[in-house]
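By letter and in written order, the chains are A, B, C, D and E; residue numbering begins at 1 in each of them.
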Amino acid sequence: MLEVNAIHTYRGPAHILNGVSLRVDKQEVVCLVGRNGAGKTTTIESIMGFLPLRAGRIVFGNEDLTRLAPHERAKRGIGYSPEDCGVFPELSVDDNLMISRWLGDEVSRRRDGTMRPDPQAQAFGVFPEVQGLLQRQGMHLSGGQRKMVAIARAMMLSPSLLLLDEAFEGLAPVVVNRFTEAVMKIKAMGVSILMAESHLASASRIGDRLYVIDRGEIIFHGLPREARTDERVMRALRG
Amino acid sequence: MTLLETVNLKKYFGDTHAVDDVNLTIAEGEFISVVGPNGAGKTSLCNVISALLVPDSGRIIFRGSDVTHSSVIERVKAGIARSFQLVNLFDDLTAFDNVALAIFSRDGKIRNMAALADHDRAVAVEADTILEQFGLASKRNEIARDLAQGERKLLDVALAYALRPKLLFLDEPTSGVSTRDKDKIMDTIASVVRAEGITAAIIEHDMDVVFKYSNRIVVMHQGAILAEGTPDAIRNNDQVAMILLGSSGPDAFSRKE
Amino acid sequence: MEQRNVDRRSFLNQLGVVVGGATAATAIPAMNPASAQTPAAPKGNIPDAPLKFGHMTFLTGPGAVLGEPSLKGHILAAEEINAKGGILGKRKIETITADEAAGTDANVKELRRMKLSEKIDMFTGVISSGNTPALGPVAEELSVLTIFVDGCTDFLWDKAVPNPKFAFRITNIQSADGVTCAVAAAQAWPEAKRIAHIHPDYSYGRNAFDHFGLAFSKLVPGTQVVSEGWPKLGTTDFTAHITKAMSSNPDLIVSSVWGGDYVAMYKQALRYGMFNNAKFASTIAFGVAPHAIGKDHPEGVIAGVHANYYFTFPPGNRWPANKIFVEKYYKRWNEYPNFQSDGAYHTLYMYKTAVEKANRLTGGWPEEEAIISQLEGMYFETAAGDLYIRPDNHQGYKDAVTGFSKNVPEYPFQILDPNRMVTIPIRNITAPPHWPKPGHGHNDPTATYNWIKETWPQVA
Amino acid sequence: MAIAATGTSSWRITIVSAIILVILAILPQIVDPYQTVLLTYGLIMAIAALGFNLLLGYTGLLSFGHSAYFGTGAYAVAFIARDLGAHSMELYIVGGMLGTLVVAAIFGFVCVRHTRIFFGILTLALSQVLWSLAFKFFWVTGGTDGIRVPYTNLTLVGGLVDFKGAGSFQRFIYAYYYYVLVLFSISTAILWVITHSPFGKALQAIRDNETRARFVGISVRRYRWIAFMISGIFTGLAGILWVPLNGLTTPDILYWPFSGEIVFMTVLGGFRSFTGPIVGAIAFNYLKTYAIASTEYWQLLLGVVLVILVMALPAGIVGTIARLAAKLRRRTK
Amino acid sequence: MTILVIQILNSFFYAAVLFLIAAGLSLIYGVMRIVNLAHGALYALGAYVSAWIVGSAVGHAVEGNLGLAGMLLLLPLGAIAIAAVGALIEPTLLRPLYRRPEEYHLLVTFGLLMILEDVMKFVFGRTPLSAGAIMDRMGSIPVGRLMYPTYNLFVVAVGLAAAIGLWAFIYRTKFGVILRATSQDRRMAAALGINVSRVYVQAFAIGCFMAGLGGAVVVPAQAAVLGLGIEVLILAFVVVVIGGLGSLQGALVGALIVSFVRTAGIQFFPEIELAVLYLIAAAVLLVRPTGLFGRA
């Protein structure tokens, strides 16, 4: 479904990603694990198209995304929830969601007109709480609510792939469980997920497969339990 | 001896009770940790104590005098220093200049506009010593912006430390750094602080860190102090475990990755 | 000499005011214009190095509407002179231009550059009366022969350069604008007592306000200023100023607004019915860009021309110099000349004449001193009539003229009524030589103001 | 980041400055007088830009109203000359700087409450207040005519040098050039020390991170205010020196486009280096003068230069040269 | 009394024009955080283009067939032309600068201002252009013993319509939501499939359209002259500063305040008429840096 092929990305003069490759299959939750500054966010942002690639390719479905602008990628069915959630502060939650929905509608209209799953049902299916927040302004949401809105909004797009950057960061342990459930629900809806996560433990709990990134290179990929026994992984993550 | 005392401290944001009637006491020489789930009000408390926020009511007493309405600068001068969760540095200055600045300010030399900063031997020596203590000596002449995340965290603390405060507030000194760097940073901070006998209060998520370094732990929940006590007492407090981890039981805190 | 109980008509007669189509009452017979004369062969050895002139004028901004005719007049004269081989048959004129709109400070710099770096032989142009007092002293300090085309403020000679050596000016002195307008208004509408003013907020407007007010009050007893409006130069929205003026129920509205500003103002005033409710007198309205005045402009108002020159006056072939000039100018530029065109054009011919006269005296290319001494006291024929360069202050004087607006079929725009032109001998409305110059205090009026104040009678 | 990064040994700086100073001192003997005039203008504007850059480059505040201080200096001189009848340049300097200090203190006190675009607009609005007063109070300021301050009455060095008599302009040009050069050198030295002093570092700290600056005990607003006043005073000094050279002062130098020019020249040279504003001011002075001289479309020319500069050389002349030099050094290594 | 009514109408007229300019300025700032110093020049360009179009129509005697309504319909062509100019400027000059500090935005638009001034001189010459024919056709209506130009009322109506239209457009349409979203977080907007570059071009073009419309409606009542834009820019700034950068309501209220103060200044305190405006702006900034209606 998504194939990232030996990409090199720079931030300013700094060479961040050094030949990162990874793959996400249909209906799969893949976690990208690494400590801060290892290149997780950079990878996600490269996939979303915020950072230009110096080399490598990104293929989604059967299409080469490498040269496409972010909004074009969104139209191809990639949903995104960034680390800071990116909820528009001066729009109502409803408007936040509608922006996604319009795009989804537009895309499905343009494609052969096949019915897409009801986006509202999907989004509120994941986080029913959001329904009670619709009239609230983005800026008046708490941290946890913001994360929920961000993910619900991404779901409004009826995406086939969801990119979640640090979806659990800063959440209290109780709330983390709530989000874990949500991720499972999304998966059950047939959506693939690529998650950036700094904690191996939470990643292991959720991910079907893991990639471990360190200093801009993928140093491991495989099943969660394999990662725990891999010495390189443990050294990179724990020291 | 009591160094800092807050009396019925309150700070509300609309309906959110960020700091709700907090009576916190910090004794001289302590290394305390403030923990709690997200939104518990830890950072708000830190902000109120460091004068970044004005409390709605209540008092703050530092070394016997009421500092509730004194400004950031007055509190810095009185001896309260803090570091920041999101690194707050002088990004276009060198690591050395960052630290030197704090020293100039502390010594009241910062108003001097008639002498070259680089020519002050005493300050230079001290700044280099501090960089050394924080393991940043080799980064002396690097621009703060170009340092690695862990180094930036350390420099942030070093900046607060260079003020030689009576009370050092550290807001999540290890957030955003890898587990490996975490220990290194905490070891560095703890050793420096202990060596100088500085009273330190840290806000922290990682319970491993909290248990390892603090003499006393304060648990906050919904703006109020839920519990406080020694690491052992907290470790065995079911209510705390429930709130922080969503599960309780004797080994709740010992589950490791 | 105190003159009490003088009646208006007799004093206006004393001033020599003439209304009608006739030329100003000058005794000098009509002769061929200077531009058409063939000079005698030059004496002595003339170098053939070209003459370098610096011409500074508004090339941008709202002032460009005045700047362009100035440059066009200059170019036309230079082309004519060069076509005949140049001055004294040898030295062709080369011109470098500079944009006056760059600001007074940049203009000072530019004049220095022209002299010190480009080594110009003569400096000319300059439109704004804010700039001549700045540039006059620079011309003197650099010892560069300068003939200002405009920038007509009295203060140039009253204060900035009280004893000019190198600086001259060809267009009429500023005080003449206000006084001429006042004389014409007093003659046409002696019943007007309540006066409202709208002037651009800079020295020209201030000067017009002062001199009109003084002269008019001498000629019409019991006048009062009921409203003042000072729009910034370059304003295009006059509605509030017009309304304010009308709110004071004036008998007469006086204005020195010019250029694009004036076009905007009169069009707005029309729709507000301003011209129906009061008489209107302008010091400069038709002088700036005659073709920009529409047929919708109200008829019968005093629509001054900067006391100086109007292309239809004197009409027909009564003053051939003008007819020839207008024809040549129109042929070259496809538009009618204004006072700047006239000034810039004749500046070059005046210089040429002075050089030729000096050459006849000394032979060879004359020294600058010799040229200056020829310019001082020179009588010179221009399209606007005879011009006299007063030796004491280097100011060019010619009889003042103004008129009343009228639509005629010959032109696609409104012009001054050829049968109702008002002319006044200049010496009757301006301070004579040896009249003491005002002090340098910031509030001191012009010499002419003092002169009028002290010597004109209060008409009963 | 030449300002902060390297503790360039001061003897090297001293030698380089000395060489430049000697060149500047010899120059009028070689070039034609007009170049001397232009260079005098350039040095004067360099003082203004250096002062301005204490705010922009070092304190991180973009003032769009520095015309106010230049103009205050200039008008103060004009008032002293006209209303007190004094002609001593030193008196002008003292009086003008006092005047500028008062205005900069008041305006600065108000403006430093804000930063970024709000600071810029506030400085702009206040400078426009001065402009409109100078413009409208005709009977005090002469309106657009301005006030004349002829050099012929001027005396320098406590009356030792005057410019009476014939041919005085040439004498004035040379004497005044050296007078300005001395003041330029002193100003540059003072500002260099200030920017490299603890106080200067504090300003840079405030520029980089206002919150943190407070938390190391720097009273941000007061320091900004002091920087504002110093900045204003030096820009005012430039205005003072400029008047006799220009011969008069008009509201033009209080109007906002003049503030724009000060920003223009500083960015042209590069506001991230100490020397940038000097180079920028001198270069801009030549650029504008020759643009006006060479085409009636001089605005277009300046506009195009500005646009190209911003698009292609955002580090300014000095910044770009420094970058190229660094690249070259790296390559040769 | 009559005078009071007329001065109030004058103020509304001036406010309408100022609003058109300031709304565009504010919109552009709100969406892309660009303080556009060239905005006044675009207004002037709008005036020139409209005057030229109307002038040509009159000159070619189309007038007879055209009628008043036709001529009024010609006016917005100037605004459309300016929108097109804006659509050219944004991608070429502004797009590369969004990541840079705001001083560069100021400088590049300052440069643009100088360029446009000379372009107008080059294209339209130095003689003022006027579209007075329209104002003449519409005549005046009596107000008490005096008259008031009908055309000015038309301009007030245009200003009002523009205010309502713009408000509805921004707060009541899909595009408005997208515009506001983009203004708040352009990266996230892109990630949700919004073509940010296109939104920016559109927003800038709309802002320019407003400026051009201001110029277009003003030219029948006044004249297109060189330097027109510099005059108005600074007043538009005062409007936006008082009302709040980026706020539409602010632009409206600011325009009313400025024009009423200006009219009162001309009528009652001409010496400090200008100073008062700047002092009000400074005072508002001091108390509420984001203006009466702005948000940080």
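Of note:
Quick note on the criterion: contacts are C-beta pairs under 8 Å (C-beta built on N, C-alpha and C of every residue); 3 or more make two chains touch, one makes a residue touch a chain.
None of these values were measured; they are calculated from a predicted model.
Graph distance from chain B to chain C, where chains that touch are one step apart, equals 2.
Each chain gets a centre from the mean of its Cα atoms; the one farthest from the centre of chain A is C. Just to note, of A-E and C-E, the chains joined by more C-beta pairs in contact are C-E. Chain D and chain E have Cα centroids separated by 34 Å.
With each centre defined as the average position of its C-alpha atoms, the distance from chain B to chain D rounds to 43 Å. Averaging Cα coordinates per chain places chain A and chain C 77 Å apart.
Centroids built from CA atoms put chain D at 39 Å from chain C. Multi-chain contact residues, meaning those touching two or more other chains, occur in chain C at positions 59-60, 230, 232. Touching of two or more other chains is recorded for residues 135-136, 299 of chain D. Within the complex, the chain E residues that touch chain D are 35, 37, 93, 96-97, 100, 102-104, 106-108, 110-115, 117-119, 121-122, 230, 234, 237-238, 241, 245, 270-275, 278-279, 281-282, 285-286, 289-290.
Across the complex, chain D is touched by residues 59-60, 96-99, 102-106, 108-110, 112-118, 129-130, 133-134, 137-138, 141-142, 153, 155, 159-160, 201-203, 206, 230, 232-233, 440, 442-443 of chain C.
Residues of chain C that touch chain E in their complex: 59-62, 64-65, 67-68, 228-230, 232, 234-237, 239-241, 243-244, 246-247, 259-261, 263-264, 267-268, 270-273, 277, 289, 291-292, 294, 296. The part of chain E that touches chain A in the complex is made up of residues 174, 177-178, 180-181, 184-185, 187-197, 295. Those residues of chain D that touch chain C in the shared complex are 32-35, 37-38, 41, 82, 135-136, 138-148, 150-152, 168-169, 172, 246-248, 250, 252-253, 288-289, 292-293, 296, 298-299.
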